[in-house]
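Just dropping this structure here.
Chain naming follows the written order as A, B, C and D, and within any one chain the residues start at number 1.
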Amino acid sequence: MLIGKAGAAQTKIAAASPERIWVRGRDLTADLMGGTTFTDFVYLLATSRAPTDDQRFFLNLSLVALAEHGLTPSVQAARMTLAADPAALQGAVAAGVLGCGTVILGAADLCRALVDDVLARTRAAGSIDEAALEVVREYRAARRPIPGYGHPLHKPVDPRAERMIALARERRVAGRAVEAATALTKAVAETWGKPLPMNVSMAIAATLVDVGVPPALIRAVPILARTGGLIAHLIEEQETPIGFYLASKGEEAIDHSAAEGASA
Amino acid sequence: MLIGKAGAAQTKIAAASPERIWVRGRDLTADLMGGTTFTDFVYLLATSRAPTDDQRFFLNLSLVALAEHGLTPSVQAARMTLAADPAALQGAVAAGVLGCGTVILGAADLCRALVDDVLARTRAAGSIDEAALEVVREYRAARRPIPGYGHPLHKPVDPRAERMIALARERRVAGRAVEAATALTKAVAETWGKPLPMNVSMAIAATLVDVGVPPALIRAVPILARTGGLIAHLIEEQETPIGFYLASKGEEAIDHSAAEGASA
Amino acid sequence: MLIGKAGAAQTKIAAASPERIWVRGRDLTADLMGGTTFTDFVYLLATSRAPTDDQRFFLNLSLVALAEHGLTPSVQAARMTLAADPAALQGAVAAGVLGCGTVILGAADLCRALVDDVLARTRAAGSIDEAALEVVREYRAARRPIPGYGHPLHKPVDPRAERMIALARERRVAGRAVEAATALTKAVAETWGKPLPMNVSMAIAATLVDVGVPPALIRAVPILARTGGLIAHLIEEQETPIGFYLASKGEEAIDHSAAEGASA
Amino acid sequence: MLIGKAGAAQTKIAAASPERIWVRGRDLTADLMGGTTFTDFVYLLATSRAPTDDQRFFLNLSLVALAEHGLTPSVQAARMTLAADPAALQGAVAAGVLGCGTVILGAADLCRALVDDVLARTRAAGSIDEAALEVVREYRAARRPIPGYGHPLHKPVDPRAERMIALARERRVAGRAVEAATALTKAVAETWGKPLPMNVSMAIAATLVDVGVPPALIRAVPILARTGGLIAHLIEEQETPIGFYLASKGEEAIDHSAAEGASA
């Protein structure tokens, strides 16, 4: 049975014959292998175009900024999973990728949507600042956390966000999206009555929007980035296993007494 | 409770404080962001060293060679999974990563082990050719498939493997591992009585060994590569959904009659 | 670092000492093993209470109704994943579980919320029928698909839904939730101008609400059910492999020509 | 392309038409829904037969024994994953299932193979005791851990294993597999020079073999069992979140100083 409606039964990404592999209209072995980096290749795969210099620069920058942040929950989940089956590296990577949800690395997509929302309201609101204030007040009224602001560790600023915005200005690519992110920073401080740092997810969303990276790729960037970090942790886990030790320390910190019954 | 023995409770990869993120002894924002590509960063994360020019070249080459091969089983699994929950991109990527098992992309690690085995026997066997023949005959006698040789589509050669080996020779990095892979190609043809192409997994294993990429990273390369391809397919799936259509065509091709009972 | 706020650092589910395992206040080995079925145990684990006869009956019924529906997309994803790594059974089950998203098996939770919505509006609307009509018209106006109605194969009725509702009436447990589901069926037919069958997800949601199964467990039931079906398919895949064949048939049905370039 | 050889393109598990769903030759709605429990249904799905009373009893017993053991690594991985994306329950369950690897819950299959090995050698060895001793000595000589013996918490005995073996004797189903497990217990104590408790994985493998449950289903039992426990923990995580707290406590216990560089 077919679930949903049938659409175009086609793919535009790749096609293979015995002697050749086409990728986005290029011959993989003749045109791409040896002449392109992985970052450029992913950009081509995802968008059908080669990146511009600025797209390449900020895509690399975003991937480097997000790949690694120590023993995050998703890294711990991956390391515990490898400890349980050292032969299934792909299972451990998958367990870590599953932790790239909306609360953590998935926030880049929410930030991109927030920036789009601010920009879409700018004409009616009169200015980006006014639009940002309007949007932030709605989040505040609805008691919703605002994506892209605040970080559990990095206070009063997230150094990665600072660096990305500085590089966007330095390379003269900072445009309306970075302006919206900056306006949101002010609006958040004003509305919440205390500064909340713009975090790396918002900085990535804003700079990638300004250099013209499509939204669907912005959404996927954190997952690719984190896969790089997961691989490093899983290699370390093979040499210096801490997966089960991490779990034992988590377990010890939890009160289990409510599960106990009256001893016989 | 702690499963297994406690070892060193440490990580050498990253450490974060409010104002700084250390990665392998470098300051992430000051030393790495803006000055390194994703490929170089993954190499640093995984090995604690920056790659040499040849390591960078062949790591990029391997990632590009493996990222994409059309609607492979793991890509289909990922696209079906996204169709079932478009909000959970990370779940769809994870489903695809789970398909990077030993039979498919996991073969690079088996190939690396095979090359090591040949090289370890070379002195006793007298030559790499003799060692390769000895190893291949053991696989043949045990009726085990030999990793790195043969491909369901690419016959009589895998163009990606050809290209990689050619680039290794061109850049003068082809060493004993490539020699072992070449010896295995001859030994396989002789022992099986027909040529089986050296495939891309063996070419990656051999060239990465020759440029000094550590085994644990070789094992992980296919998973990182494929994550890049999965992202492209999942972006396409959002625009042109075929996940459920693929499943309907698979289902139609299967005889279900043995599951039926006698109709009332 | 701690992401989010610290809450109660406790679990009420289980606690273990060398000689004893407590589960929800019971001694696992003395009180539960040998005296309880898996279905009852899951109910106890999830809710801290033993099920009533009706809760047991409808929980089993729901699990049986949802466990198996042939070569669904999630089953195919699981079988392809096992084909890629026969040693990692858990990876293949996980790939299948990832397909239990909102579009497919996750619909039971959406149906439960829809029923709750209708019941919450009943007083204001004057009757369950009026409330159902109001809700359905809102979905129609927003061009949103209504959860729990329609099925790609089962037309004009979903026999599993029919059977569940009949059993709910027969056992005299059909209450306001089943009434809401029935009202929705009429409202859908009237609003869309054609009958759409109440499907199994809605029947499960309505009957489980009426016997008092908590919403969080209703949401989880499809995943547990499908795990049972996945296991059977993965056992069959070990004996009669079709995973790669399914993928080849899906691939053949897709037009790849747009990925090709101009041949040299 | 088709990977591997084409075999029989068939499934014997289920077939669906608009008005009927066949499962293993039975009409799902007419013959099974309302008249069978989930445990029985899984047995039917997996084996094409209804379970005997003893198969039902020991399958339920095994599922109950394995479903829950507190905040195990796989439960922690699942809870951390749900914390990162509360909307994707299936992703969190999948992350937990991925932790059912060979080191932990996957051990039941290894135990079953060990029992088979002992029984296969019995005639040549002269007795089950001799065969067990022979096998254990080989493991010892190869410095391999022996599956099914020892537990990080339960010492000097695993109460679940004790209970299962006692029930097998009480219900008079303990046969040659339980005898082999008991012989292994003695052989392990003798060879290692200290008693190692038979753990729950071995008790499950031995009793299920003795009641005639097929090996492929024995291998899958721990995954189904643990899915039940995971669901309970993920329901608790929604009410009392501890996922990120567990990760913070794990992180705190690890020395990160080797990742730091010389401060500027």
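Here are a few things to note about the model shown:
Going forward, contacts are C-beta pairs under 8 Å (C-beta built on N, C-alpha and C of every residue); 3 or more make two chains touch, one makes a residue touch a chain.
Since the structure is predicted, the reported quantities are computational estimates derived from the model, not experimental observations.
Listing every chain that touches chain C and chain D alike gives A, B.
Two chain pairs, B-D and A-D, are weighed by contacting C-beta pairs, with A-D ahead. In terms of the distance between Cα centroids, chain C is separated most widely from B.
The mean-CA centres of chain B and chain D are about 30 angstrom from one another, to the nearest whole unit. Averaging C-alpha coordinates per chain places the centre of chain A 24 Å away from that of chain B. Chain centres here are Cα averages; for chain A and chain D they lie 35 Å apart. Residue positions of chain D touching 2 or more other chains: 1-4, 8-16, 23, 30, 70-71, 73, 83, 85, 87-88, 90-91, 94-95, 98-101, 103-104, 106, 153, 242, 244-245, 247, 251, 253-254, 256, 259.
Looking at the complex, you find that chain A touches chain B at residues 1-4, 6-21, 23, 28-30, 32-34, 36-39, 41-42, 45-46, 57, 59-61, 63-65, 67-71, 83, 88-91, 93-95, 97-101, 105-106, 153-155, 157, 159-160, 162-164, 167, 214, 216-217, 219-220, 223-225, 227-229, 231-236, 238-242, 244-245, 247-248, 251. The touching residues of chain C, counted against chain B in their complex, run 1, 16, 70-74, 76-77, 80-81, 83-88, 91-92, 94-95, 98-106, 242-247, 249-254, 256, 259.
Contact residues of chain C toward chain A in the complex are 1-4, 8-15, 22-27, 30, 73, 85, 87-88, 90-91, 94, 103-104, 152-153, 253-262, 264.
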